[in-house]
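Here chain A shows up in two complexes: once beside chain B, once beside chain C.
Entry: the complex of A and B
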């Protein structure tokens, strides 16, 4: 094993060779989201890594939804038990600002792309924070059930179908938070895509978004876990809903549910790793060794065989193949596929970092009205 | 029991007066039929038509049963079979099952109303208002039971769903075999996440129970001695994990256990669960000790037994039912507990409730329902054991009326 590590270290140079000289623990606790997404990570990263390093054992903790709060508590208690944490980009920014996540230099700790590009170029704009190691691009997007629409109603082609209760009567599911919903409301109220955040900055703009949401408030089922909308749609409780595209993919292709995708105005978001700050050296060395392996070009492309999320590296895109079990090509199911991304909404992290607290409380107050 | 009183009431009051057929019985049976008709009609979005048809069905059933079918058993079976046949015509086997239930309820209702059985529980001189209140009261009790039990019963058929959603599919409602499968049970017994969670639970709960029973029994015996100072205060402290909101105990344990390096260890979770289980043991054992005759220990001492022998040979066998039922409560507490283990445990100590919690949040899979069904069965078995032990203890102490 030692030999292998040294070989790998020399192969990639840099930190690897230093790491080989130092002790590494064999137990790692990875934190992720559970469900199909965690399964994809387990199959694409963890299992091949454990095959290469038979001494290593990996435990999974499905605590990503409350990762920020738990890391704060661990930090206060002086007992950080996690080694690598999967979070969305916005959480990574918060954790980095609070000093709970370790700052990294992508070129130093991450592998080069297969095409020879440096890690920094390969990940490109997706490196949204100094602590963030991107893995996937996912999107919050909509799906509906054609058989639940009234007879003669045209198939919805725009996200504004959510706001059109005359043509598409019935309940619709939206996530219980202002992000995405405010943007969609303004978009369907006639605001141009590029002006949305400018409008949303003003009091009138926020009222305008709430007023638009008011028109369908009685028809909204609010969800907090992304597994809920597919369940509700399968039950026929709702006629359309928003969720992560991987959830819809799983419901449609793997479970054979009669849903249709509505990709219009899908909102891209990123998900990736952060390393908790202040890990002891032996654990840190193991994590760095794992992260370098798990985020290389091939591993990110492999993950796409299990779930329809786009790999974060540009060099991985050409390697995306077929679904591991169904054998269908995954390319057309990616949120980044040309047919799906005709009208994409780019979610502004930095804007939300500034306005999140304020709009969260306004949103809660509006919900309670 | 109720049948017996009904029979004696029948014999004593030869004619309790049948209520008016057209003015009372038929409208009420029609209303019951209408309710079922509305519910049935609603499944195909024809609530109103269903309601009207149900009214006719219920009214006719009430009239015919009361006027022509004097034998209650024959009348009830006739209506059950007829309605089941009607249900089968409308919706195959699922319809037949639903029809049989409707027939059973409506025929029971018709005889209960038509024969004046609803007056059984009230004295003959009761006013209509008093009778109405008595009947309403019975129905409220019935609804309380219904709302307590229905959610638990709903999950059992859903756990045999052949789809990966919490949905009663048309195949399931039609009782066709394709709608049902054991795949969620299979998933539970083959999926490594569920299996490791189950083994963790099975490793943690018995150890926590053992500790809780040991400490709890000793504490209860000690606190039952009149000469122990500050008995009430000590008791209150020991019982506090049951009273303090769990989330507060959990957060406190998290920070304390982190400092002493117990957080995220097997021992830490076992100790935390033992602390939660101790109050149950103390309470049940203290309750048993109340009925314990202290002159027995003095008699034993008189015959030359030392305190340890007295405890093991005299006291322990007599309080054993209390110890065991306390232990069962402690076991279930640990086995069902999710809040404390989320704080004190780490991913290596993931227990069944933790795994269910994750599953519900991240992936609504009927495997959770399969696990829930298994746990419900287990809980019923444990509660039945407790009840049997309680009866045995009462018999041993001569408190039982039998």
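Entry: the complex of A and C
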């Protein structure tokens, strides 16, 4: 499964790289998700960086989905071969708790914002863990196919359309895990947004969420890879589904699928870097040099030209331009765009770090019933 | 025989030694040589296969993390009983304070939090928060000493105060991490707790951070311990370095603000008074735990003893049972489908049979993922099979069949994927059955069916046995195919093992589930051996 592509810097650097007295290795192994997302990182960060530093070679490892387990195994074996790992925020918290990721001081290792704000202010609330260097904001959100809806049915405007099988018959795809689904179920059962986690903390609240999910249990196709829902929707297997907004964007804009976005109650989530704990100095210096560059205001804004995920820095938002190939403005496709984020659900990381194991066993038992 | 040897003495070899001994020696040599030949493989298998598996299985009972991270708390708690309504006394919380402080310096407290969160929800954030705030508890003392005299927070002062003079002379101004810290003679008698805390600090700074303790401000924990020493010890006999400062402090400590550790912890988070949380720490303090195995069979180890898992969380027994019956079913299906194919392969002339063989092997060489995805395309409701059925008018548009994301999907896809593992051993056995036996049976008047059933089939049983063992053992460990086409009703126990390995990081539980699966396979193998006989298995 491990696919390594070695990329060599091609252009002779016209830009003088910052001379450093510190010793740095020239080989770096970055871990990411593969596919369009990794391409966007390669084009926005890695290629310009290698142009500035022609001696540096970067290899990619598409191991992010199982990064937590692999990093733990490497750590136990005392041989961490990765230099920088792209993970979602929840995994970053877990890795930080396990002592597998290095704690960082954002103001010390990250660049200031273009507008002069400190790194800590620029990333703001998105610094959800002491080890986490945020890159993008993505969201788990819904899409549907208008042509598959029954005649005369109004276009769905709320996430609760998932629970309304009378108006919108047919199957719907949801991710096979309790996160997001439990929140949506309670939301559509009439719980106020701000009370969701308080309710979900109690056994009754959990049962209430499962009871709501029970009403559509027979109509759900559970997915575990985010590529599945666009495929299922394209095949007409489902009438609506949840997936990451970037997957929907690519299906709609790049492949021309007749899907409509349903941004209501989209759940914001974060993706970013962690530096493995215990790197030797020469490798650490190179990684720090790269990370400072790769997470500066311009680079994060550049990434949005390749994929429809919002840059994690506040200062990057005004710099988001057009899609590199399609030429359409990317601003309106960002999950953070005002029109899309009228009703946003914010995922509570610390809450889920506590309740994930317990609710997952409950969820699995519920599925098996 | 023994009589004969008694009377004649042992038979001697040419060199005068007993024949038996020299024969043994020659044989031993030969054995050694044989062993040397297979040694590379043996060592490789041992290191790359047996040891990692043993290590992984060992995790299903290993549980030293609580004892290692909270050693003092575990000891202090040993006399506390979680059934009592009373929370433990101050001594337990003091031990907890020191343990959590040290753990948060070493950043191991969150790790313990994640471990215990598998047992009781909420412990993860409790430890994360406590690790942050336990520093504040200690700083109460640090601040008060600093107010008394700023030197109490100075690195050099503490180094000279606690360190051996010879060490101090060398360490001062030395490059990181400096010479190994040595405690001053006699300081442990005057200030035992402080000296102990400072030595821990100096050691930690040198080993973990590779810094020079003489140039690092000591932890606030040292000040908290100094407070305790000054309230408990008589320091009037001390006249070494810093004696004046110490005497001033000793006079002042009575007026110090010193909140109890217990109330500080409970103020920080009321969960620290919860018998469930403290009971969990206690229940999981032994270095070995049955907890993972209990969980793997839908039981749980709670502070009150072993209990059945609540019904809405019980899943594993159900999954074990499903894995076994579905694997058996799939094995049966492969026999049913594979037998005629193998029979045909063995019967046909060479030319046709090689062509047929390629048809069997072609899917075998295709990627597992591709084959599984192909089944998705075929079986889904808008898929090829449903389309054909609708087109032919056998079913109508509304009656499209659900053939995927359920048990049926798993059975169809896995039967197809595992079919070659049945056909190949069957074929290799059938190819060796002489056709003359069946001819003989027929010439003696047997019908086709009797000749097959009484003569041919019994000879092909070893092939069925070999194929069944192969298919069943492979099926029981499958997880990619069930995950992709099994939906919720067609997933196997291996899917939960994979989840615990890669997502929840609960490797102990994954190891326990894996051990049970391994044991189940071994028991089935043993039962098979007893019933059919393993000698009746022919793999080629």
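Please note the rule applied: the second predicted complex is superposed on the first by the 350 of 369 C-alpha atoms of A that agree within 3 Å, B and C clash if a C-alpha of one lies under 4 Å from a C-alpha of the other, contacts with A are read in each partner's own complex, and residues count from 1 in each chain.
Definition applied: a residue touches a chain if its C-beta (ideal position, glycine included) is under 8 Å from a C-beta of that chain, and two chains touch if they have at least 3 such contacts.
Here the structure is a predicted model, which means the values were calculated and not measured.
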Simultaneous placement of chain C and chain B on chain A, clash or fit: clash
Touching partner for A:96 - first (chain B), second (chain C), both, neither: second
Touched partner set for A:227, first chain B, second chain C, both or neither: first
Touched partner set for A:355, first chain B, second chain C, both or neither: second
Partner chain(s) touched by A:60 [first = chain B, second = chain C, both, neither]: first
First, second, both or neither for A:29, with chain B first and chain C second: first
Contacts of A:121 with chain B and chain C, given as first, second, both or neither: neither
Touching partner for A:69 - first (chain B), second (chain C), both, neither: second
First, second, both or neither for A:235, with chain B first and chain C second: both
Residues of chain A touched, compared between chain B and chain C (which is higher): C
Superposed model, chain B segment overlapping chain C, candidates 26-34, 44-52, 98-106 or 332-340: 44-52
Chain C-contacting residues of chain A that also contact chain B: 65, 235
Chain A-facing residues of chain B, complex: 163-167, 254-255, 258-259, 261, 263-264, 346-348, 350, 358-364
Residue ranges of chain A in contact with chain B within the complex: 29, 33-36, 38, 59-62, 65, 73-74, 76-79, 81, 225-228, 230-231, 234-235, 255, 257
Contact footprint of chain C on chain A as seen in their complex: 65-66, 68-69, 72, 94, 96-99, 103, 171, 176, 207, 221-222, 224, 235-237, 350, 353-358, 360-362, 364-368
Chain A partner contacts - residues on chain C that touch it in the complex: 107-108, 110-111, 113-114, 117-118, 121-125, 128, 311-315, 318-319, 380-383, 405, 483, 487-489, 496, 499, 501-507
